[in-house]
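Reading through the structure tokens given below for one structure.
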Amino acid sequence: MLAEQIKDGARLALPSENSGVPVAVVRALIARGARDLRLVGGPTGGFAIDLLVGAGCVASVEAAGVSLGPRGLAPRFCAAVEAGEIEMIDSTCPATHAGFIAGEKRLPFMAVRGVFGCDMLKNRSDWTVIDNPFPPHDPVVVVPAILPDVIALHAPMADEAGNVWVGNRRELKTMARAAKQVLVTVERIHPGNLVKDSAMAPGLLTTPYIDLIALAPCGAVPTALPPDYGPDDAMLDSYASAAKTREGFDGWLADFLGPDGAA
Amino acid sequence: MSEYTREEFLIATMSGLFGDGRFMVSGVNSPIPAAAGLLHEHQQPGFCVSIHGDPDRTPFVDGGVEPFDMAAQGRLDTFVFGGVQVDGQANINLVSIGDPKRPKKRFTGSFGAAGLYYLIPNIVLFFPSHSRRSLVQKVDFRSASPQAPEGAFRQGGPKWLLTDLCLFRFDPATGGFELASVHLGQTVAAIRDATGFDFVLPKDVPTTPEPDAATLSRIRGDVRDGLSVAYAQFAKDCIKTPGS
Amino acid sequence: MLAEQIKDGARLALPSENSGVPVAVVRALIARGARDLRLVGGPTGGFAIDLLVGAGCVASVEAAGVSLGPRGLAPRFCAAVEAGEIEMIDSTCPATHAGFIAGEKRLPFMAVRGVFGCDMLKNRSDWTVIDNPFPPHDPVVVVPAILPDVIALHAPMADEAGNVWVGNRRELKTMARAAKQVLVTVERIHPGNLVKDSAMAPGLLTTPYIDLIALAPCGAVPTALPPDYGPDDAMLDSYASAAKTREGFDGWLADFLGPDGAA
Amino acid sequence: MSEYTREEFLIATMSGLFGDGRFMVSGVNSPIPAAAGLLHEHQQPGFCVSIHGDPDRTPFVDGGVEPFDMAAQGRLDTFVFGGVQVDGQANINLVSIGDPKRPKKRFTGSFGAAGLYYLIPNIVLFFPSHSRRSLVQKVDFRSASPQAPEGAFRQGGPKWLLTDLCLFRFDPATGGFELASVHLGQTVAAIRDATGFDFVLPKDVPTTPEPDAATLSRIRGDVRDGLSVAYAQFAKDCIKTPGS
């Protein structure tokens, strides 16, 4: 249901690995044959981006890095870049964070320290260097706000009032507030209103920022969802191994989608 | 003469580069830097290493942005970067080989290197497979570069390049590397042969010290134990058992 | 003890009312006869700023507002500005927040929306307008980083590992990370390490950011310290009433400092 | 004809200005705006008011910066600003009377007005003591001003000026006020006399509608109850008891 909200061609922000990756939504996007998605990693990506790229859903990826973490390179992502099948927009973590923070505040731009001399700065027409308007008037890299069409994320819980607890994944709040639409799946619904719980409140993305919430137990599997569960190592191992080839990936994906996935 | 593994040697040598900073972060897939950090905790009172994958050594409570803010604040003193290529100007490449638009081989991406290259005072570049394929004349893509316009803010930068053959020191004044020491069994000629960029060769090039018995015992004891939380397989495969 | 760390002339950041105001430290500052403090409200101020100004400890106040909240104007602050005894550097909340965020990130400047046409922009030589470097190249107000010498704040608890729980007062984390020195008083010490408590972690200012922690039960009284206690209305009423005159303030302060306060 | 207090009238009238927005924040010391917000919740489905001092109506979890970010995001539709002075160009003064460097009278300060003046679509200026001292030719200090350089980003601004005598509408095209209605018992001449700035006078100036019985009953019921959390004394003193 949530996946239907994400239109073909949408600029879709996704959390970094093990930070609330909405695998259930990604699976549904693939099942419905989504196309031309423009992914933005927050600021990096892994399993979900590789899966979406391998399934042919993606037009471009903007990220500071895409990998399977301890399992090495993201094979479908790398193959697609090498084949020229997707556009890769390389970033660096602090620049992506700055872009989302500018987005959260609807500022047109934000400065970021360093980043000089690298090829991202050279290649990206949307990054530039300005002079610090204050002494010592040093050159400073500035990046524009990132304002995704939509973000999908998975979280341990929502409460009955529609607040979502994202814990210490502060960048998810920033990304959600920068996005035009916010879709959330959760492991469970917590009774009551967590805004009134002073311990839980600081980890909430509150209801004004959220468009839709759906229950999706194990919705981040095989990625980890701290503090609820760790990574599903067997499933990730099988993916990393299978996805090394096109055929291996296709077989793994068919299993992942199940009999109704072909629809 | 004590025997030791290649990894134990690199852990001990890298640890010696960590200096008097207080805080180091080791990233994903970095067992040797993590182990070197753990070892350095014993050598440098007040030093502390955060290890990706070890919840007890992940002190961040504000998500992915916090380590970058800490680096800007000068609270992050030490970091180890690897990559696919490094060149003689200390540009590193974590992105691709060939034309980046249509690369022969794509890798992960630059992660935080481009920003941290200006913020962390003690950056060690670690390329454990020293060859002309990794130590190149000019990187195919600059993921991070110390080359900034005049007057740019800089509170850090690359300081060392450690490989499995030798140790280079980066000289910010010349913007190039100087050979600091060669590992046991290596020669300057062999290193020159395996290196794609020019470097300064001092009159006397010492041999990189070997780890002493106390250091090896420390690596095989506390360090091995601590490392096993995030890198159990590596600890088992690459570090000897205590007393062996 | 903490107050001794704050030198005469220091640029001292203080939390907004009911957000962790370090009244115990303020009391000690007055007792030791601190002078020439340059206060920065985070972004506003109340009882503590009025008290410090009335006691003659203050050279300047930078704030978006100083008041006693429901009790109206801050009488000693207003009198001191009217008499020309302190320098008032007027700000506006979002500009102060932007300055502290720039400070937290050690960025030289940060943009802020709006703020055009006001007299703060006209009067403050440290604020300026630049063109957005990106289309539509609209004019944007930028403010410099705020980097206080020291911040003092009071919090419900610290844990044994030296982490301080500030709950939803997120700006306190930002301000502390922007400051060169961070002094914290707390109501109580919590056993263990709260970083490992996923519910509490998002509300922590962790130990790397903190220089000194001291126990000071009721350390924010008479201001409120949610969720621990509300304001001491009787004490604040008596202050608001007494502080209307110099003599009334002096008497109230003598009572507040107690017999050892004259030392 | 039902009887009502001055405050009940202002609550009802202000509420009518809140339009079809969804979210309003009422600041410190703002019982009438808070009450008007509560009343508007009944009149406009989906509208919600946050009240400073009422923990159940304080949905912020990220400290003082969150409301300002919300405003920038277009999630904060309605806000009421008061002040010491307002002039005919909708500049407001919350700072001081006289030379700001050495004022005759110092007040609180500008709070968030200077930023929010560009972000909140429906801003109501509320000056309940209409006189030439508060509605002036030119404010002594501009805490917030709608006057920006050409091309400046603007998604909001002042829309109404409500006093105890009348209601003005702000016209962003001319940058001035137009008299929208006069409260019962007032005359245009009296208002002109009490106002320090020029304003546009339409041919017909209606009388501000009086609150009807249903509205008064709502104010004295749910609104009074809800308001009592943060403003118990005001609710008791200024709003009649139900049925009275």
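All chains are identified by letter, namely A, B, C and D, in their written order; residue positions are counted from 1 within each chain.
Definition applied: contacts are C-beta pairs under 8 Å (C-beta built on N, C-alpha and C of every residue); 3 or more make two chains touch, one makes a residue touch a chain.
Since this is a predicted model, take the numbers as computed values, not measurements.
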Steps needed, at minimum, to go from chain B to chain D via contacts: 2
Between B-C and A-B, the pair joined by more C-beta contacts: A-B
Whole-Å separation of chain centres (CA-atom averages), chain A against chain C: 36
Approximate Å spacing (C-alpha centroids) for the pair chain A, chain B: 29
Mean-CA-position distance for chain D and chain A (Å): 41
Chain C, residues touching no fewer than two other chains: 101, 105-108, 112-113, 138, 140, 168, 170, 201-202, 226
For chain D, residues that touch 2 or more chains besides their own: 55, 60-62, 72, 153
Interchain contacts, given as pairs of chains that touch: A-B, A-C, A-D, B-C, C-D
Contact set on chain B toward chain C in their complex: 23, 55-56, 59-62, 69-70, 72-75, 153
Complex interface listing, chain B residues touching chain A: 28-29, 53, 55, 60-66, 68, 72, 91, 94-96, 100-119, 141-149, 151-154
Contact set on chain C toward chain B in their complex: 104-108, 173, 177, 195-196, 201-202, 204, 206-209
Residues of chain A defined as touching chain B within the complex: 16, 19, 42-44, 63-67, 69-70, 72-74, 77-79, 81-82, 84, 88, 90-95, 97, 101, 112-123, 129, 136-140, 168-172, 174, 226
Residues of chain C that touch chain A when the two form their complex: 101, 105-113, 126, 128, 130, 132-134, 138, 140, 142, 144, 167-168, 170, 198-203, 226-227
